[in-house]
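Structures incoming, each one as structure tokens.
Look at the two complexes coming up: chain A is in both, with chain B in one and chain C in the other.
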Partner chain A sequence: MARILRDYPAEVKLFAVLAAIFAGLSLAAPSFLTLTNLTALVNNSSVNVIWAVGLLVVLIAGGIDISFAVAASVVQYLCVYAFAAVGGGNWAIGFAFAIAFGTALGFVNAALIHYFRIITIVVTIATFNAFFGLLMFITSGRFIYDLPSWWTRRIILWERQAADGSWAEIILPVGVMVLCMIATWALIRHTTTGRQLYAFGDNPEGARRIGISPGAMTFIAFGWCGAMAGIAGLMQVNIVREVVPNALIGRELDVLAAVVLGGARLGGGRGSVTGCVLGVLLVAITQNGLNLLGVSPYAFKMVIGAIILIAISTSGVTLVRARRAGGAP
Partner chain B sequence: MNAPQPSPAAAPPAIRLRNVSKTFGGVRALDGVDFEVAAGEVHCLAGENGCGKSTLIKIVTGVYAPEPGAGIALFGQDFPAVTPEAARRAGIAVIWQDLALFPEMSVAENIAVETLLGARPRLVRHGAFREVAGRALAALGVALDLEARLRTLPIAERQMVAIARALSHDARLIFMDEPTASLTQSETDRLLGVVRRLSADGVSVVFVSHRLAEVLEIANRVTVLRDGRLVGVFPAAGLTQSRLTELMTGKTFDKAVAATDRSAAPAVLEVKGLSRAGEFRDISFDIRAGEVVGLTGLIGAGRTELGHALFGMTRPDSGTIRLNGRTLALRSNRDAIAAGIAYVSEDRLSLGLIQPQSIADNTVITVLRRISGPHGLISPAARDATVAHWIGELAIKIGQPSDPVSTLSGGNQQRVVLAKWLATEPKLLILDSPTVGVDVGARAGIFRIVRDLAARGLAILMISDEVPEVYFNADRVLHMADGRIVGSWDPRRAALTEIEAAVYG
Partner chain C sequence: MRKMMTALVAGAVAVGLAFGAAAQDKPRMGVVVKIGGIPWFNAMEQGIKSQGEALGVDAFMIGPTSADPALQVRAIEDLIAQGVDVIGVVPNDEKALEPVLEKAMAAGIKVVAHEGPGIVNKDWDFEMASAQSFGETHAELLAQKMGGKGEYAVYVGSLTVPLHNAWADAAIAYLSAKYPEMKVVGDRYGVAESVDDSRKTALDVMAAHPELKGFLAFGSQGPIGAGRAIEEQRKIGSVFVIGPFSPGQGRDLVKSGAISGGFMWNPMEAGKVFVTMGKMLADGTPITEGTDIPGLGKVSPDTATKNIITNNLVPINADTVDGLADMGL
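Up next, the complex of A and B:
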């Protein structure tokens, strides 16, 4: 227990805050602690979690990516055309295409970072703009509703009727989210590649000296993030049943904030899937709670911003204290 | 104490280099150097910065290829061309000064990190990490929490992790680059103990250090390089520090006590009963105009903390600080600078200079207001004049004042730091460990500057954990232990060994 507290201070603190908010909302808003509300919360968070675990891998490797949400939109459009070209497709083809397109877009970032030695934030700001501009230009901002039926059909994994007659259900994207979480956890915790990613993010020069390839690390991290973005795009369509070019833009910052809130370090080497999920949930539950309490939606962003500031600055305070107590000579 | 000389006949030498040369852009970094390390030997590679030590290490480890005509044999096996991979497989490991560790990862992973390598991704067995790491630490006789994040460990234990990593892949020869630079005396002793243990187990250790005392204590033999040429190979037993310094620099340094009696001069700094909880207690001393007072003691004795309080960075709980007869109430280091106190920090590289900025900008950063015009804009003419004055005054070797500070050698960087503070025209100069990481030749230069500054009437407080440094260069030596001043000597009347016995106990 003491070890968890010491090695994962951000995650533990986040869990405590989440529990407190959860308890507070349960008392303040009667409709919060209902099965229907909680399952809706999880359903609505699934896309963000899928993005978050992808972004986590990039952050662990010492990079940053803000192009993934736009990349997901690009993947949606590419998929629409690709599915038409193969005569409609199915879920297997859908995942294969989404992952392939997403990975390819991630590789674009990786190539720019690795071969041209541009820092990651600059590259992904550029690709963020380039992807979005290209998308709007080529589609002329057109919405697409005419989608293959397998893609937009609601698949319910679990359901139960609550006492008030409303249906609580868990939909397909949640199952996919869990698979993405497990895959990412297995990658970063239990494969040599994953541990190399941590080492590379932690001390790139040290990693290079013992023979870890910087190029491979960059491509794996951004490729993974791209693949997750592709899957997230696929799932988003399954939820909203439409493809809209500017539907996802802007969500990258929410996800980034959630992942950092979850203990991933900007600068690399630290972060966990658990923290990531807790971070996304904290943002989602706060929004949901404010909504149920009847607070103006315009206040959401403000409250989220305040939470992030408090979380980041209190972790700074503990650091300073630890350093003082440690009595550096 | 010297480890017993291993018999060279027992095993082939760990390293045998013949006629190694290397040229970088017209500069002869190494010129026909021979180098040999016996199996199980502790060998020291000595020389000033830029003498070719690191080039030699990089040739042995395959980072650089030597020029044609060289012969390299590792453990009796000839290597026409060494690659980093081949060197590692032969059993050569380097522990760089920055250790190349991973602060966010566990001790076990840091030690066993090379088991993560390999062409094909595999599943990680965390138990195997602990096993490899535990075995390597046991071989060192060191106990560490294998699951602790590396960043939670003190620097001395990180060093042990780096050594354990080398052992974990069966290193038979370990290069250690300045391993003791940031260790306390007791940590250094522990490290030297580990080195002896390695040597007894048949592992060769090549030690690179600026601290000649420990070089002579630990090494069997010393290879001295100067300007890329081999000066010679000497048994450590027959060497003294001053002889080794001569060999390294090619110059003789008069090791005479520089102290003079300044008790007639007016007091610049008077400290009475200064205390700060947990740091220092009841400190009273004075420094007279033109006097250099050396403050020594072990790391953790409260020397740096006292320096910080004198510079207004922390507030003492009680006691008074008087400068030129005026009592100071320092609320910040800006007050201290305004009052005429300058402080050159211990960690000059990270705290003393803004590395990517120019020499000129670094020099004037403390006096920006003085060189600014009426509208608060910096006057280039005033800036250039100030910079030119101090570069000349301190004989700093630079290309252009607009070059980044990072392009300068360690000794010259130190001079820029001094220039920056001298530009404030201080009355009291506090120097905290001014020679950490500076080689022997440049040290002499720094002490010459210190004496020159004192001769102009500056009062100087020189903090150092190396007793000989303050003994030979200060007018008075104060000894601090557990936050108190426990001894005071006049170097002209006390022997070095007497002070060393008191300080190192």
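Up next, the complex of A and C:
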């Protein structure tokens, strides 16, 4: 227990805050702790979690990416054209294309960062604008509803009718989310590459001297983030059943906040999949709780901002103390 | 000083026109809309283009990349600099545009507004429906579907869109006066510009209020998102979704009954009316009581507020949706 507290201070703190909110809502809103509501919560968080685990890898490697949500929109449009070109496609082709396009967009970021030695936030602010601008220019911002049926058909992995007649169900994006979580966890925890990513994020110069290639790290981190963005884009279409150019822009900040809340350090070298999921859930549960409690929507943003501040300042306190105890500057 | 400036501006415009007019002496008209690339304004652009060709007006539309008043101000500044004869505008924020529209009128440019009855600096504003009748017509349809009793929730595009809130005000006032057994739950939700948010909120609201029987969604994405949620929860026929939406986008949902219906005015007609009125203003044709304007019918303009309010609502339901969708709406 003490070890967990020491190694994952942010995750533990966040879990405590989340547990408190969960308990509070269960008492205050009778409809919160129902199967229907909880499954809806998980379904609705799936796309954000997929993004979050991708972004996590970039943060661990000491970078930052704000272009991934827009990249997901670009992937959606590319997929629409690519599926039409191959005569419709299916899920296997869908994943292959989404991952390929997403990775390619991630590599654009990585190439700019690595070969031109530009700071990651500057690069991704630029590509964020460039991707979105190109998307609007080329598509004239048209919505697309006429999509292949395999893509938009709801695939229910599990369902049950609750006592009040409402349906609780788990949909495909949740299954994909779990696979993405496991894959990311395996990458960062159980491979040499994962260890190298942490080392590179914590101390790039030190990592370089022991023989870790900075180029490889940058490409792996941004490629992974891009691939996850592509998968998230594919899943988003499965949920909303349409492709809209500006549907995802703006989501990047929510995800970034959630991942940082979950203990990933903006300076690199720290972060976990569990933390990511907790961070996304904190924001999602707060929003859900506000709706269930019948709080005026005029107050939503304010309450969510306050919750993020509370959660992040509690984890900040721990960090400061740990640093002092360690005697680091 | 002011006169001199005006003279200078007029001179500059004259020079500009002399150069421009060498190629063509058709009147030029630029219409600045809320946002480019969405189906609604794509249809309006078609109307503007086709009527421009029919009447010999060089008419074009400008759609900013986001619904930002500052971008509209800049677009109008550009049109003044180009020396167009008529400026049309569908405002995001009426107040923010007053100074730049004042400048346009001082430069001798005619101004036609749409969905902006509160604007002072204009020659005319035309409305295809009054806020009151639009809200009340939707409210009456909801009441009929719900059998005049039960709980319903209200969406608006965003809590700061004046027109959506005016519709919602009119609808709620109408229902509480005429159908006392109908009860609105919660405050209004500002989610209807996003399918994703509308869908999530609908799931939350239904979880919080199991007895809920209706959604009154003002804002083009609201009925779509709420409809999807109803479909997922297998509540078609027990929860009714009413609101204006894009027929192409909602076609399947209307046919499955997930959206009960709504009303709209035809944005293509509105685009045509822009050009027709622009041409009338450029030619100096007076608009008075009983003037027949194609697309609006016989009008009774309010000379004090310079508003022309008409009632040209088209129902969207299972019978009409295909025809409307085929127009590209």
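To be clear about the criterion, the second predicted complex is superposed on the first by the 317 of 329 C-alpha atoms of A that agree within 3 Å, B and C clash if a C-alpha of one lies under 4 Å from a C-alpha of the other, contacts with A are read in each partner's own complex, and residues count from 1 in each chain.
Methods note: a residue touches a chain if its C-beta (ideal position, glycine included) is under 8 Å from a C-beta of that chain, and two chains touch if they have at least 3 such contacts.
Only a predicted model underlies this, so the values are computations on that prediction, with no experimental measurement involved.
Asker: With everything superposed onto chain A, say whether chain B and chain C fit together or clash.
Answerer: Superposition result for chain B and chain C: fit.
Asker: Name the contact category of A:Tyr145: first (chain B only), second (chain C only), both, or neither.
Answerer: second
Asker: For A:Ile212, select first, second, both or neither according to whether it touches chain B, chain C, the two together, or no partner.
Answerer: In the superposition, A:Ile212 touches chain B alone.
Asker: Check whether chain B or chain C contacts more residues of chain A in the superposed model.
Answerer: Between chain B and chain C, C touches the greater number of residues in chain A.
Asker: Rounded to a multiple of 10, tell me what angle the C-alpha centres of chain B and chain C make at the one for chain A, in degrees.
Answerer: 130
Asker: Scan A:Asp202 for contacts with chain B and chain C and give back first, second, both or neither.
Answerer: Touch status of A:Asp202: first partner only.
Asker: By how many Å are the closest C-alpha atoms of chain B and chain C apart after the superposition?
Answerer: Minimum C-alpha separation, chain B to chain C: 35 Å.
Asker: Would you tell me the residues on chain A in contact with chain B in one complex that are also in contact with chain C in the other?
Answerer: The answer is that chain A has no such residue.
Asker: Within their complex, state which residues of chain A touch chain B.
Answerer: Touching chain B from chain A are residues 3, 6-7, 189-196, 198-199, 202-203, 205-207, 209-212, 265, 269-270, 329.
Asker: Mind listing the chain A positions that touch chain C in their complex?
Answerer: 29, 31-32, 34, 36-37, 40, 44, 133, 136, 139-143, 145, 154, 164, 166-167, 169, 236, 239-242, 244-247, 287-288, 291-294, 296-298
Asker: For chain C, which residues are in contact with chain A within the complex?
Answerer: Answer in residue numbers: 36-39, 42, 63, 65-66, 159, 185-191, 194-196, 199-201, 203-208, 210, 225, 228, 232-234, 246, 248-249, 251.
Asker: What residues on chain B touch chain A, complex-wise?
Answerer: 84-85, 96, 98-105, 109, 113-114, 116-118, 121-124, 147, 149, 152, 184, 299-300, 304
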